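What follows is a structure written as structure tokens; I'll ask about it next.
Each chain carries a letter (A, B, C and D) given by its place in the written order, and its residues are counted from 1.
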């Protein structure tokens, strides 16, 4: 049985490595999927990757990705390394017969991306699969948006208005990093976040871009590095207007200096028979306007995409318990464990639980008697419970 | 090393068991906590509990909770069994020296709750800890709300307006269940959801209820059971008005027939110097009004509780990537695995990734040339990528 | 022709007098109504009422309401005087054969209200009409809400959740006034604002209250008057729970110390087949959930009640131009007149208008040429226009 | 005294004529402005303009604008005629020494606009004023936005994101009109609504456009006219990207086919120290983020621009009573007058007013007695009040 499990190697353990690890660790607890095993986490720093492996649920760690992708017990390679390493690793892995998942963007250059695509095409004929990680396609609200459009609920889509607004570079004193150099990052807001918006526009509508017009801007041209000020060589804001197949227009605005916007991927789709709007900061919601209803009762309806009828959602929690809700329990366990560890009494204590029961009883009694307000046998939290 | 781990037994594997399992499985991947081991999942149906244990990450399963709480390698007992079983299990576990976490409500009767509290008090003197699971105290936005109130940012709190609105019993044809019988559930909306609101009112303000006035109503008095219509013996809507220590008023409205409301725990706190509002359906947000600012610029500010400065949040993702965001990757892995398993090509393919790169290039070129719109070498998704 | 006009007398020229004057001055510019004439404004201070009459469009002013209601050219008496004067004036006017509109609350005591009702009933048999001014029944969104409920779109209404929250008494230093004394105001938040909520609950659903339970509270018990601190003898917060005909429940919370809430009349109606929510601070919007749609696409839809299909709205502006929008022109005329009066150049000047035209031309040229960005012949606003 | 009044002539009585009339009729009831007289309304159809004059409060009507602008008792000419007539009328009026207010856009061609600007400049030296009607500068929330920016509360503005979205041309069957022909309208969404957005961008920031890039699209190329299908020769959607003085970027998207968007002028301003967002569909609100506050408590605050401290607002109603609120009274008067006219009893009747008083009494009694729910002497609305 165990040997039938798919062995997974994950390359990279930073932000994306942490996010992918979480997915590998939990996917089978919610979804019916082929059995997998979190075999090995790969990184350059042996100590750091070993610690990350232990923390994120990987059986082993390693520093040499080449030897890992040769292992017989590895069937899947998940690449979260920086963009300039994607091509080399992905092509090698595909040639070794491993299924490959690679983070977006596919690569830093068109040439690399073309080579990877050729390798993927060849591998596919041998039953070896590959995928690029535009993860927002798996936001349930966006998956549902795609369904509604595909079903014709919007009629013919005429134009899409998209933006991806962040503000983590708004402060001119924020330090230089590899993401701000053209040679390592390829581009700035354009490749990092506008790429998500562009993928969504094409994904949601099934159309592809024919013409593009753009403006790029670097508002903060130098930032402090370890040895003094360095030149920022990528954009921090990008504007683009597109014309797509299907006689459809689209606009994208991407900014890392949009003060107050944290991770605001906004998408609005306007069709002849309806419209949709979405904002990633409220990722459980989709707003849908059905223009075929009587005018009197038309309006954008806020759909909480949280019913078993919605994409992916029957795996999760009862309706209204949005994804993310479950971490209230994770936080609770954290606080409980820390209290146990330190020998202090965690809160809410049983005394606090008892006091709530007494309040509930009082409400019930008051309701039954249509009576005066009932005095509860209360106890101050401060004296006992905390 | 391994023997220093805290062994955990979880009793119950339904809705709450699934949620608690998720927390035990993930807590150490995000937080620095004492090492734990998911030892054993306990339930009455041997096959079902074994399957759940495998799915949720438990090493073993068992059907007899009594023998489990006697095991030396179990240090923590987490009780997700129904309310009428809480007292017996919790008291036994505490007496056996196990730390106990018990789901809310603490018990179905005041007598049971008092016995549990006495056992907890005695155990505490021996360093054995206990806690009742009002998990919403661990919503980061609510934890921050408590901090703001404790810091005096609202001045003196005068009144709290709370509601917990759901609609899963709105349909009169929804079937009878144990939650709708007084003998098994204790009460209806009152104990199940108003209890959360009551706990929050007391938790956030540090005050406790002195007087209570209430109205209870069962709108649907009979529901279909397996053998025909049965009497619903608990409320499906509850209204309560409270007076608390600190000369503070509060109201709670709880309903399971509030059509269109899914899991809407709403809390509004009004003080002399400020106010807070919260809705669990947008659990990453807290609205705060600071009445000490100049009148001209006062307004409820929507704080996305998602910065490292916010409670619990430094463990998670970069700002703006709300909790729940990570499941886009879980869904991605699911779809990838299903494609691998079925031998079909997952999407987005490398071709799709390449096409996005080409669009990005076109934008960049257009920006550099201040030129005409650039024709992109586009490929239809339909023909290749999908 | 002129003698066929209905002559109107308005008694009172404070807040409500100003609001009613505005309505009399404008009603015929938007609606097809019988011709009226703003004959006389009545108040106790001769100079002040004369000034108000000139400002608000009344032909004359007067100080003695008794003589006014005897005039043959007065057909309608609109009473905006304080509550304790309602009964005397209304009864006299009705007996004199005048149609009467009286501000809410109808009176300060039940005895007065009963006498008024008897007078109104008697007058009605003689074709003399009367009305009490619960003006929120004429919010288009609420009128539409009533229509939807009456049409059965919500099925059977089970419960209504209402609140009227303000904060103008939040500051304990706000001075004493007649509204805070029981002998002049009758009650506080209860009569002033909870009354609107109660009227709406009954109006929207067509049910009436059978049972009531309430709590009243005066948080600030003394306030500064001209001669020192005085006792506040009315409530500033009120909570009430109701049971109505039709087996319907309702709750009302009214507060004048709800910091940050300015004029927030909130109403939520939950029925077996749908729900409605409304907030007066967004008075052009109604949120409607239709629970008979497929679950997948249910959600509260924000209806901008601004279409010709909506109550009252065909009299106003094109869709989307919400009521209130028109005052942008009023403000514009104000600024234009002040500039003319002071001999200074108003802004936006023709230069500014020309500059916008040039930008529009540039956009058009850029679009036609698919060309580089076009340099506009711009002029700084600062140098010329302002 | 009367001869010192400024005599006003308004040319045009359609949509804009109605809106301007409303402003002239009401401005002096709210603001301290020089006395004006609504002298004459000018239009081509003698009967229709006479009817409009009577309805909108003008003393006279006329069909020849030339003779009107020669009258000595006319001091102000307000031009709401179509765009192609602006230049001729405005220049003649200015030369006749009349102050001129002209609707936007200033003219349909740059040449006309230049001639008007020259005439305005010459007139200004003689104390004759002129103004173009970008009325949204007088939205209180936008006037306040400008103030905040001018005070430096946003630091240096980096980019502005604007859109003006409507949907009245979304339906391809909507008929042909003068607004859809280039020769009469100049352009489509660009001139009609993008012009407002462009004006706002420049007005709010004090910067002016240097470079422009645009895309225009006509989605519905033919529409039904009285004699069959006709060509639409203006855009119904426009996208533009701008670079402005002050090293500031901006984008504008304008659409008349954005299904579900009614009159949604959206403006977002991002600066180094703060940000602002606004939507005309909620015209009483401004969202302001102050990035100089501690990160923990930053968030967009919804300011209800409705305090005496806010621009224009001390002239209106108490806080929270948003502009537009006053029309609930206008609607009430309408219904009252129609009832009087038809001899039917209007609602709410005094009986209904009395019933509400009884409910209020019951609440008070219940609160005083901490007693059982009180039975109210209720009367059904249906039997008596309606």
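The definition used in the following text is that a residue touches a chain if its C-beta (ideal position, glycine included) is under 8 Å from a C-beta of that chain, and two chains touch if they have at least 3 such contacts.
From a predicted model like this one, the values you see are computed outputs, not experimental measurements.
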Fewest touching-chain hops separating chain B from chain D: 1
Contact-richer chain pair [A-C vs A-D]: A-D
Same or different residue numbers at the chain C/chain D copy interface, by half rule: same
Intercentroid distance (Cα basis), chain D paired with chain C, Å: 20
CA centroid of chain A to CA centroid of chain C, Å: 46
Distance between the centres, which are taken as Cα means, of chain D and chain A, whole angstrom: 41
Shared-contact residues (touching 2 or more other chains) in chain B: 213, 215, 241, 243, 261, 289, 298-300, 304, 370, 372-373
Residues of chain D defined as touching chain A within the complex: 154, 158-159, 161, 163, 167, 170, 172, 213, 215, 217, 219, 237, 239, 241, 243, 247, 249, 251, 253, 255, 257-261, 268, 270-275, 289, 291, 298-300, 369-373
Touching residues (chain side chain B, partner chain D) in the complex: 144, 148, 213, 215, 287-290, 294-304, 307, 309-310, 370, 373
